């Protein structure tokens, strides 16, 4: 059938991931996209996936897509806050919406529309293609009970979250990746945050820092994006555009499902290995919330894009968290109590 | 072989020809990469825009904080060498063992091991060792092949002895903790040192002329006075070693920063011995600048090569060749080690770690191979990538500092027995996994189904581990029942 | 030829000045790094700007220092063949190598690096770490490093051609007392 052949031209793309293959859940998102696209096009549209550093260093994936070096990448939008703080909203900002509200805002609210207008100014078209769910607040060598305990804590924490906790006296330290473990072990730094139980377990931080704090208020539902070079995307046949969009949506759901399945086991193993779980206190969360609001007011005063998109997200979040109190919160709390009493 | 076109294997051939031509390695590597880049654009493997990845990769190299170790440790070595403190250490050890044939060689191996426990980069270690010990060994009539071989090998061993850049990169690629990799490498490092020492012992029996004992007038009479003088001469360097290690253990510095503190410490020591001068510091920093630029520029050239290699589907080609791996853990390991050994002729360890290891790790895991053991094994094997004639980086570094009287062929021939010893260790570790696993943490893994986690609820009474209630009354859903831990 | 040699001497002087400066940066980099560690330990204080300045200096040393390293003929070679050649043939190896390998590679890399720098300026890109540094200076160094290296290549080319013509004496020994 020549008509089909015409609508299904042979195309091969390269996708660079910002993650190593060892992060199988996150890197797996890129592989999901490639597999789905190949399957849906009968192998006519192939996407070759590369891990961080194979062709492009992890933190420059979006640059490479903008420049047309590769057609596509799988990365965190907030790695590029140095170009424009608006990039942070694409992944997660402190006290942003949780994973479920994030999906709502992107798919049905204005999230995708507004951010893609912004990404277009960098030659990018973004699709949300993965979520880790709320992350853990990181590994601490000592207990953090009060805001005062935060003063002088040397912590490896990146991006806007670093700016927020810095206001409370934390010393954000971006030391080399390979130096983190030995530095945490010997107390050169006091704390480090990474992802959640499943990924953190592999790095072995539990051996050198006992207290595992939760939640990562700076990553309530962080998104992993697939960015496509806008020109190259628009040059695709309509069918291929839709297939990419669907493949990303699949990757988005599947990554969340993997984390929801793997984290509960990993957290038990970690506790079995001596990890002590600790919640951040109300005082700390409130102080950080206040600091975050100051940071946002600060950025909004200087950056139109940030202000516009941030305010839209806040409005969505406000309504979402009202409804959540009636729905998820009540139901979940009841179910959690059943879980604790062993009735589930 | 040619399922992915003829170009990926042709790139290796091209690399050999370009390098043998004799123009500086860094530019030859860049040129061969870009030459094939041109071919790639013409043959439609990629567009010209693909090569726009190069500045991003170069940015990635200079922003890699771990590479700071190269100038730091090189500078430290330069100061120690110029102020004569390092020579005191080596000559001292050599004098103590001077009456035995091969005394200096034993000293070089031991000093290499100690240096290996401080630095994590082969470049810094080989250069420091070569500058300090090669002239002395040649002066006392050592066979140049033996002298250069023992130095290159003892310098290369730093990558197996923690701290180590190679182990860090491998841990990252295998998804294991750096700490476990370091523990696992302890046994093999000790074994490797033992094998080296035994080889010198054997050589001193078979061919004593190649590694003569120091003449009595050079070593002095072995009495308490000599021992005392030698020890006194060794103290400063030993203090420095403990200072550098100590700053890491105290939590004062990251392993990379420890190198910088080592520089400050070396200058302080030199000053205490009244051997510090501005001239000495200036010479040191300028030669460090040259070495750093030379070494890191090789990485810049190599990055051009490997980008184009990836663009030519070289990664898929290697993956395809690995798809014929024989079954069974031992068969797999033997095949993989042979494969990496051959690949190490052409690619440096960074490239191997990034291209090959991620393909091997899932297979190894499915065969039930412990990934720490696997990683340490690969690390030992990759020592050889520094020692392969004619492209081993350790041999380049040694060539760049050896006097003209030492022929390049001597350096190449001298490396071969040590290469074999490194492979012997690979075999030992394959058939005797306890060399690695003995040192690992053996606390039994907890069955997750037996672990109970008690999460405090909002507003529930409790101690320090209490969840805040955020100012709301507690949810009135009944007091949660107590759960036994 | 003599005017070309004057150009070559001018380039050499620039490389030498940049190289000297890079040498001082090695020392500065060590002191900053040691200082970072000690201040963090003693006062629980540190800043990402001071951490990043370390690798900015490292980048400068590598990329800008490479030219002076070339001038001193200290980039390592596989000298199996080169080492066995006569002086004159070595000059030829370098002349061809500079024209075929070094100049195209460096000019092309400089050309690729320029838009990366321009983009960084246009975005006023800063580090993504709290309190980090502005990015364009180090991206400019990537461009400038290759540009200077190409210039130094031209200077070396002039000297080697002059050497082949017997106008000047050139020492092709490339191994040297390091450290």
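As written, the chains take the letters A, B and C, and residue 1 is the first residue of each chain.
Everything that follows uses one rule, which is that contacts are C-beta pairs under 8 Å (C-beta built on N, C-alpha and C of every residue); 3 or more make two chains touch, one makes a residue touch a chain.
Going by UniProt, the chains are B = TRAP transporter large permease protein; C = TRAP transporter small permease protein.
Since this is a predicted model, take the numbers as computed values, not measurements.
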Central chain of the complex, centres being mean CA coordinates: B
Farthest-lying chain, centroid of Cα atoms versus that of chain C: A
Distance from chain B to chain A - Cα centre to Cα centre, in angstrom: 33
Where chain B and chain C are represented by their mean Cα positions, the distance between them in whole Å: 25
Rounded Å distance, chain A centre to chain C centre (Cα mean): 38
Multi-chain contact residues (two or more partners), chain C: 37, 41, 51, 115-116
For chain B, residues that touch 2 or more chains besides their own: 51-52, 56, 59, 64-65, 250-254, 256
Shared interface positions of chain A, touching two or more other chains: 59, 63, 67, 175, 188
Footprint of chain B on chain A - complex, ascending: 14, 20-24, 48, 50-51, 53-57, 59-60, 63-64, 67-70, 143, 145, 175-179, 181-183, 185-188, 202-205, 207-208, 265, 267-269, 271-273, 277-279, 281-283, 285, 333-334, 336-337, 340-342
Chain A contact footprint on chain B (complex, rising order): 46-47, 49-53, 56-57, 59-60, 64-66, 163, 165, 168-169, 171-180, 248-256, 307, 310-311, 313, 315-316, 354-355, 358, 361, 441, 443, 445-451, 453-457, 464-471, 475, 477-478, 480-481, 483
Touching residues (chain side chain B, partner chain C) in the complex: 18-28, 30-31, 34, 51-52, 54-56, 58-59, 62-65, 67-68, 71-72, 74-75, 77-78, 81-82, 127-128, 131, 247, 250-254, 256-261, 263-264, 281-282, 284-294, 296-298, 300, 304, 390-391, 396-397, 399-404, 407-409, 412
Footprint of chain A on chain C - complex, ascending: 37, 40-41, 44-48, 51-52, 115-116, 119, 123, 125-132, 135
Of chain A, residues touching chain C in the complex: 59, 63, 67, 78-84, 151-152, 154, 158-159, 162-163, 166, 171-175, 188
